[in-house]
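Each of the two complexes below includes subunit A, the first together with subunit B, the second together with subunit C.
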Partner chain A sequence: MNGTRLLVGPFNRVEGDLEIRLDVEDGQVSAAYVNSPLYRGFERMLLDKDPRDALTLTPRICGICSISQSVAAAAALGDAAGLPAAPQGALVTQLLHAVENVSDHITHFNLFFMPDFTRPVYAPHAWRDEAVERFAALKGSAQHAAIDARAKLMHITGLLAGKWPHTLAIQPGGATKAPTQRDRTRILLSLRAFRKYLETHLFGAPVESVADLGNADALMAWERGDLGFFLRIATDLGLDGLGRGCGRYLSFGAYPGADGPLFARGVWVDGAAEPLDTSAIAEDLSHAWMLGPTAHPTAGETLPDEEMRESAYSWCKAPRLGGEIAETGALARQVVDGHPLALELAQSGGVLARVAGRLLEVARTQIAMERWASALRPEEPFMHHVDLPKSASGAGLVEAARGALGHWLRIEDGRIGAYQIIAPTTWNFSPRDASDQAGPVEQALVGAEVRPGEDSPVAVQHIVRSFDPCMVCTVH
Partner chain B sequence: MSQIETFYDVMRRQGITRRSFMKYCSLTAAALGLGPAYVPKIAHAMETKPRTPVIWVHGLECTCCSESFIRSAHPLAKDVVLSMISLDYDDTLMAAAGHQAEAALEDTIEKYKGNYILAVEGNPPLNEDGMYCIVGGKPFVDQLRHAAKDAKAIISWGACASYGCVQAAAPNPTQATPVHKVITDKPIIKVPGCPPIAEVMTGVITYMLTFDRLPQLDRQGRPQMFYSQRIHDKCYRRPHFDAGQFVEAWDDENARKGYCLYKMGCKGPTTYNACSTVRWNEGVSFPIQSGHGCIGCSEDGFWDAGSFYDRVTDLTQFGVEANADRIGMATAGVVGAGVAAHAAASILVSAQRKAQSKKSQSEEA
Partner chain C sequence: MSLLCAEDPNLLDTFDANGLTFLWHPALSIETGAEVRRLLERCLSGEQRLDILCVEGSIPRGPRGTGRYHMLAGTGRPMLDWVRELAAVAHHVVAVGTCATYGGVTTAGENPSDSVGLQYDGSHAGGVLPEAFRSGSGLPVINVAGCPTHPGWVVETLLMLENGVLDQDQIDPLARPRFYADHLVHHACPKNEYYEYKASAERLSDLGCMMENLGCVGTQAVGDCNIRPWNGEGSCTRAGYPCINCTAPEFEEPHHAFTETPKFAGIPVGLPTDMPKAWFMALASLSKAATPKRIGTNATSDRIRIPPQPKAKKP
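Right after this comes the complex of A and B.
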C-alpha cells in the first residue's frame, strides 16, 4: 500500500465544487492537497462599480449563506460611512442572519453530513438500518422533517427581507422593512414552531437543556432525538478522534449587539483565549493560482494566474493569522465564547466536536432569536439615511454559519477602488503557504483511514463534511 | 424495471396515499392555472406514463436555485416532487460521491438516452478553456455538452443558466456564458430569476413531467404562465404609483404607509416575473413588500444595467408611462383603454402633487 495517490472528488452534498488529492501510505492519509476548482472573480467585477452595488452582487457569491454576505457588505459600507445602523434595523439584520445560520446548520446536519452513515460500508453496524430510514439522501424521515421545519423558519426571512436567498433588505443604515406588530407576532409564532421541531426531532428535549450541557460526559449521555442518534454512531465509530483540528480557533464575534456580540470575538490558541488582532491577517498566494505578494486584505488584489502554474494547486488563497492557520466555524465560535461544553470538545477537536458544536449553537441561537423577536419595536426607526463618502475605507467582519467572514472595501471617487473578501471556507480549506504549512483541512485529513479498495474513503468524507465547506464562497 | 415505472408507482413506493395523490393533482392543476377538469387528466397521466428522469447539473453558480427549489411550498413538494423526478443525478443532494457519482451520471445518460430532462443550474465559463469551473477533472462545459447530447429538453434554471447573471458582470472575468449560447440544438426552457421562485420551478417541472411537453414559451424562451406579466402589473403598491405617492427616503413616513418604491430604484415596471402574485418563501412576501425595490433579477443583463438604486427612466418601449413624474402624460398604447382611463384619473392626483414632482425632477437633473 505504499505511496499510492488518490484523487477524491467531485464531492457531492457540499456547496460547490471540491477536489482533494491524497497521498496514502500504509492505509492512512499522509498528506492532503485541497483544490477549489471554481473561480468567478467577484472581487474584480466589484471594481469601479457604485459601492451600493456590493449589497446586490456579494450575496450572489453564495445561495446558502447569502445573508452573511449581505450583512458583511452592509457592515463594510457602514464602517466606511462611519455611521452605525438604526438599533432596531440592526436587530432585524441580526434576526435574519441568525435564521440563515441556524438553517444552514440544520441543512448541513440532515442533508449533507448524516447521509454518509447510510453507506453500504456500514452495513455491519447495528444502527445502519435506522440511519437509512432517517437519513437516506432525499428520502429519510429526518430529512423531510428538517426540510419542512427549515422552510417554515425561513418565513421569517420572507417577512423581514422579502425573499431568500439573495435578500435586499439589509442596508448600511439598517433594514428596509419596518415590521408591524402583526409581523412581530408571526415571527414569534414561526420561532415557536421551529422550537417544536427542535424539541421533537433534533434534540427530543427542551432547547435549554442542550444549551446548558456543561461537559462532554453529559453530552455523550444524551440519547434523545437525532442528536442522540448521531452520538450513538459517533461513539461506535470513534468520531471524536477523527479529523482533529489545529487547535487554533478564530471568531470575528457573532451578532453584535449594543452590549457586545452574542458570541465573543477572539482567538483561541493553545488552550487560552486571546484578543483578535485583525491587522495580523494576511493572504498568502504561494500555492494559489493567483498573482501578487502576501498581503493584508486592505492591500490585496485578485489577479488569476491564467498559466495555472505547476507550483500552485487551487484558486483559493491561503489566509493566515500572524502567519499561522486557524480553524473557524460554529465550534470555533462556541470555544472562543467560552462555553464549557465547547471547551471540553475542543480538547479532541475532531468530527464529533465540530458537529456537536454546531448543534449546541443551534440551541443557543434559538433562545437568542426568541429574545430578539420580542424586542422588536415597530414604532421606532429601522433605517438611518447613510450618505457614502466619496473616498473612505471600511471593513465588515461577521460570522457566517461556517465561520469568520470579512469584507474589506475602499471607495475612491465614489466608486469601488478595492474589494477583498475572505470567507470562512477560505480559512478552513486554504492550500499551503510559503512556509509549506498545510491548511486546516489538509492537516485534519492526515492520518485518516483508507480502507483497502476505497477510492473515496469514507473517513475522508466525514472529516471534510464536518467542516461544512461552502466552496462557492471560498474562492468567489 | 424503473423504465416502466410510472410517477404514481414512485409515489406509492414513497408511501403516499391515494388521497394525498389526488390532492396533489388538484393543487397542481390550480398552481398551473388549469381548471378542475384537468385534475383527472393529470391523475391519469401520472398513473400511466413512465416517469421522466431528470439530471440536474451545477456549473458556475451559487446553488441558490436548489436552495429555492427545496423550500417549495408546492403541495407535498418535499415528498412528491422530489421523489417524482427522483433527481437521478444531482450533485448537491444525492447520496453517492466521487467516482460513484460520475458513474451514476453515465448510467443515467445511457439508460434514458434521448428521454431525460437536463436541468442546468449555473453556467459554463469559457475563458482559459473552461478552467474556472472544473468538475471531476474536466471543464464543466464538457460535462454540459456531454449531458445535453442525449437530453430530450433542457431547463435553464435561474439567471445564471438563462442569461449569465452576476458572474457575467463586467468585465466577466471568466467569460461566464448562458446555456443557450453553448447548446444550440435542443429545446431550452429558461426559468430566470435569481433565484427563480420555488413554486415557479416546481410548477414548470411538474408541467413538463405531467404533460410530457414544454409549457408555452414567450419569445425569450420563458414559460408564459409565470413570466407574462410585469411585477408592476400586479404589485400591491401599484395604486400608490398611479396616485403619485412615492417613498422618498428609506423608512420615511411614506415607506411606513407602503407607498410606491419607484423613486428608490424599483425595477418592477420593466421586470417580467411572478413575484407580486406568487410571492416568496411560501407566499409570505416579496422584495417590494419588504420595503426594497425590485432589482429585476429575472431580466437579461440586470447585473450591469446601472445602479440598482437608479430609477427606471425610460419605459416608452413598453408603451406605458414614461416615468412616474410625468405619469398620465404618456399614452397607454398597448395596454388598452382600461389603463388609459386609469391613467387619466391619475393626472388629477398628479397635478395635485405637481410641486413635489417638479422638485424631484430638478433633483434628478
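Right after this comes the complex of A and C.
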C-alpha cells in the first residue's frame, strides 16, 4: 500500500472534534497532520468585558476540564491584583481541582482508552474476551464501576462548588463556600469511598503500593486490578514502543500550596530537569488558520483567517518553548516531578508510559486529596475580598488533567484588554510551525502500523488516545 | 459530560433498563472515523432508524455563512449541513445545553463564530432550523437548556420522549421541558429566609440573599436547581454564588458583571417580573426594618454566627 492517504474522523472518545490526515507508506504512517476543526473564539468574546466575567465565561470553554479553567482564570486575576487567596480557600480550590483531574483520568482510562482493545482485530489474543467483559463501550463491568465511583467522588464538587461543571465558587480571593465540620466529614467519607474503588477495581491493592512503585520492572510485574490487566495487554502488544514522544516534557507545576506545588514546575529536556522559562513560550501561526506574527501570549491575538488559506490545516495555534515542541500531561508532570517510576517510563515515552503515568498520578493524588481534606479548618476564613486594579496584567499557570494550561490577561481601564489561553492539547496537538517542525502527536504517529484494509488504523487510535486530547479546549 | 454524573441508576444502567441504545455518542461509543461516517450515511438514507437526535454545542455559521468554523471531522462538510440533514430524518430532535438550544456562551461578545442554536437565535425563534420545523414526531426541537444541564434533565427528557409522554403541553414557550422549567431556582433556595427580610449578602461567600447586590436572578430563572440538588447536595446558591439564569436565552450577555446587581438610584433593577414594583419596594423596606438580629448578622457572614435559639422556657 504505497503512498496512500487516510482521513481519520470523526475521531471519537476524545473530548471534542478531531480529524487526522495520514500519509501512509509501506504499511506505516509516514506523516500525520492534526486538524482541530472547531473555532469558537473565546479569547475574543472576553475583550472589553468586566475582568470578573472571565470566571463565568472561561470555564464554559469545556465541559470536562471546567474547574481547571476556573482555577487558571482565578489565578490570573489574583496575579493581576497582586493578592494571594485565603490559605484555606486555596486548599478548597486545589481539592476541587484534584477531584476533577482524577475524575478525568478515570474517565479517560475506562471510557476513552481501554475500549479499543475490545475491537475484533484483537480476537486472536487471549485477553480479548476479558477486555470485552470489562471495557466494551457503554457496557463493560469496569466502566460501570468507574462511572459510579466518579459520580460519587463528584459529590465533593456538589458540596464545595455547588455543581460540576461550571462553578463560580473558585475566586481570586479563595472559595465562596466555607465548609463546616460536617461538610469536612462528608468530604472525607467521599474520599474513602473513592479509595475503596481504586483499591478494589483499578489497582486491586493499596493506593500507596502504586504510588511507591519504584521502577518499570516493578510496574510490569503488577498483576492486580484494571492496571494489571492493562499491563498484560501492553506487554503483549508492545505498547511501550508505540507512539514514542519527543522526550521534552513541560509542567507548570500542579496544586501550588504554601510549601510549593505538589508536583513540581519545570521542563525535562534530554534526560535532565531544567527550570521553566515562561518568557520562552511563543505561539506560531504559520499552519493555523490564524493571522498575526509568532508571539508570546502576553502579546498574542486571536484573528481567525476567514479564507482558511491552503497552507494551513487547523484552527490550533502552535505553541513552542524556546522554538521547540513539548509534551504535556500526567506523564510530563510525574517526570518533571522526578518520580522514579516516571523517569524510567520516560525512557520509552510511548503509549504505555502515558497511560501508566496517568494511573500513577491517580494514586499519588488520592493520597494528597485525603491529606488536604483532613487539613480543612472550618473555623478559618475561606475567602479574602479582592478589589481588581483598573489596569494590570496577570498570568494563571496551572495543570489540568491533560497538562499545562495558561491564561494571560491584561486589564485596561477596568475592562479586559487582552486575554490569551494556551490549553494542554494546544501543545500536544499543535500543527507544524514555520520551520516545518511537526507537533508532538504528529511526530508520535510517524511509524505507526497501518494494517491492510484499515481506514481508521487501530495503532493510530491507541497513540492519539494515549495523549487524552481535549479538542474543545485546544482552540477554544 | 455532566451526563456522566447521573446517579441512581447510573447512565449506562438507565439506558439499559429502558431499552435505549446510543447509535453513536462522540465520547462513549466504540465506532470512530469511517465507521461513523457510514453510520451517518445509513441514517440519512433511512436504512437506519434515528429515533432521537441529540445535539450538544451551538452551530457556527461563520465565516460568512459557510459554517466552516466547524467542519465535522473526516467528512469535509460543516456541522451546519449535517445537523439540518439529520434533523430532517430524526423522529425527535433534542438540543442539550444552552449553546445548542439558544446559542449560549459561544455567542457571547461579538459572537466570533456567528453561532446559533438549533431552533433559536438567542430568544428569537429560528436558528439552524426554521421556526416552523417539526421533527418526525410533530414536535419542535426540545430544548434541554442549562449551562451545564443537570444530568437528570437530560435523562428524564429522553425517557419521557421514549415513553411518548413529553408532548407539546409538556414544554414551555421556549420549548424547555416543563418538568424542570415550571420551577424557579428561588424555590427551595436555602437563602429564602434571608430573601424574606431582604437580608442581603454584600460579598460572595456571605450567607445572605444574593439578589440585591450579587446578581442573583433566581427569582426569575427557571430550573429546579434547589429542589433537586446537583452532584449530591449542591446548587449555585448553596455554594455561595448567584444564579446567573443559565437556562435562559441570552444569559451570556447580562449587560453587567455576572456577579453584581445593576442598580438605578440604589435600587436593584430587574426585580421579580410577576410582582408590582411599588408593592415589592414597600414590602422590602418593611421587612428590612423587621429583620431579626440573627438573620441580619448571618446575612453578611460566611458562616452562621447566631444560631436559632430554642424558645426560652416560661418560669
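Just so it is clear, the second predicted complex is superposed on the first by the 476 of 476 C-alpha atoms of A that agree within 3 Å, B and C clash if a C-alpha of one lies under 4 Å from a C-alpha of the other, contacts with A are read in each partner's own complex, and residues count from 1 in each chain.
Here, a contact is a pair of C-beta atoms (placed from the backbone, for glycine too) under 8 Å apart; a residue touches a chain by one contact, two chains touch by 3 or more.
Just so you know, these numbers come straight off a predicted model, no measurement behind them.
Enquirer: Touching A:P431 in the superposition: subunit B (first), subunit C (second), both, neither?
Expert: neither
Enquirer: Kindly classify A:M383 by the partners it touches after superposition: subunit B alone (first), subunit C alone (second), both, or neither?
Expert: The answer is both, since A:M383 touches subunit B and subunit C.
Enquirer: Thinking of the overlay built on chain A, is A:G9 touched by subunit B (first), by subunit C (second), by both, or by neither?
Expert: Both subunit B and subunit C are touched by A:G9.
Enquirer: A:L18 in the overlay: touching subunit B, subunit C, both, or neither? Say first, second, both or neither.
Expert: In the superposition, A:L18 touches subunit C alone.
Enquirer: Answer with first, second, both or neither: which of subunit B and subunit C does A:G266 touch in the superposed model?
Expert: neither
Enquirer: Give one of first, second, both or neither to describe whether A:G158 is in contact with subunit B, with subunit C, with both, or with none.
Expert: Both partners, subunit B and subunit C.
Enquirer: Kindly classify A:R40 by the partners it touches after superposition: subunit B alone (first), subunit C alone (second), both, or neither?
Expert: both
Enquirer: Which residues of subunit A are in contact with subunit B in one complex and with subunit C in the other?
Expert: 7-13, 15, 17, 19, 37-41, 44-45, 50, 52-53, 55-57, 60, 63-64, 111, 115, 118-119, 136-139, 144, 147-148, 150-152, 154-155, 157-169, 171, 174-178, 304, 306, 308, 315, 381-383, 385, 455-456, 461
Enquirer: Once bound in the complex, which stretches of subunit C touch subunit A?
Expert: On the subunit C side, the touching residues are 1-2, 4-7, 10-13, 15, 22, 24-37, 60, 62-64, 68-75, 104-106, 108-113, 115, 147-148, 203-205, 229-242, 244, 246, 252, 256-260, 302-303.
Enquirer: For a test of understanding, state which residues of subunit A touch subunit B in their complex under the given definition.
Expert: Residue positions touching the partner: 7-13, 15-17, 19, 37-42, 44-45, 50, 52-53, 55-57, 60-64, 66, 86, 89, 111, 115, 118-119, 136-139, 144, 147-148, 150-152, 154-155, 157-169, 171, 173-178, 304, 306, 308, 315, 381-383, 385, 455-456, 461, 472.
Enquirer: Of all residues in subunit B, which touch subunit A in the complex?
Expert: Per the touch definition, subunit B meets subunit A at residues 14, 58, 60-68, 70-73, 78-79, 82-83, 87, 91-102, 125, 128, 131-137, 165-167, 169-174, 176, 194-195, 249-251, 255-256, 275, 279-282, 284-293, 295, 297, 303, 307-309.
Enquirer: Over in the complex, which subunit A residues touch subunit C? Could you list them?
Expert: 7-15, 17-19, 35, 37-41, 44-50, 52-53, 55-57, 60, 63-64, 107, 111-112, 115-116, 118-119, 136-139, 143-144, 147-148, 150-152, 154-155, 157-169, 171, 174-178, 180, 304, 306, 308, 315, 378, 381-383, 385, 455-456, 461
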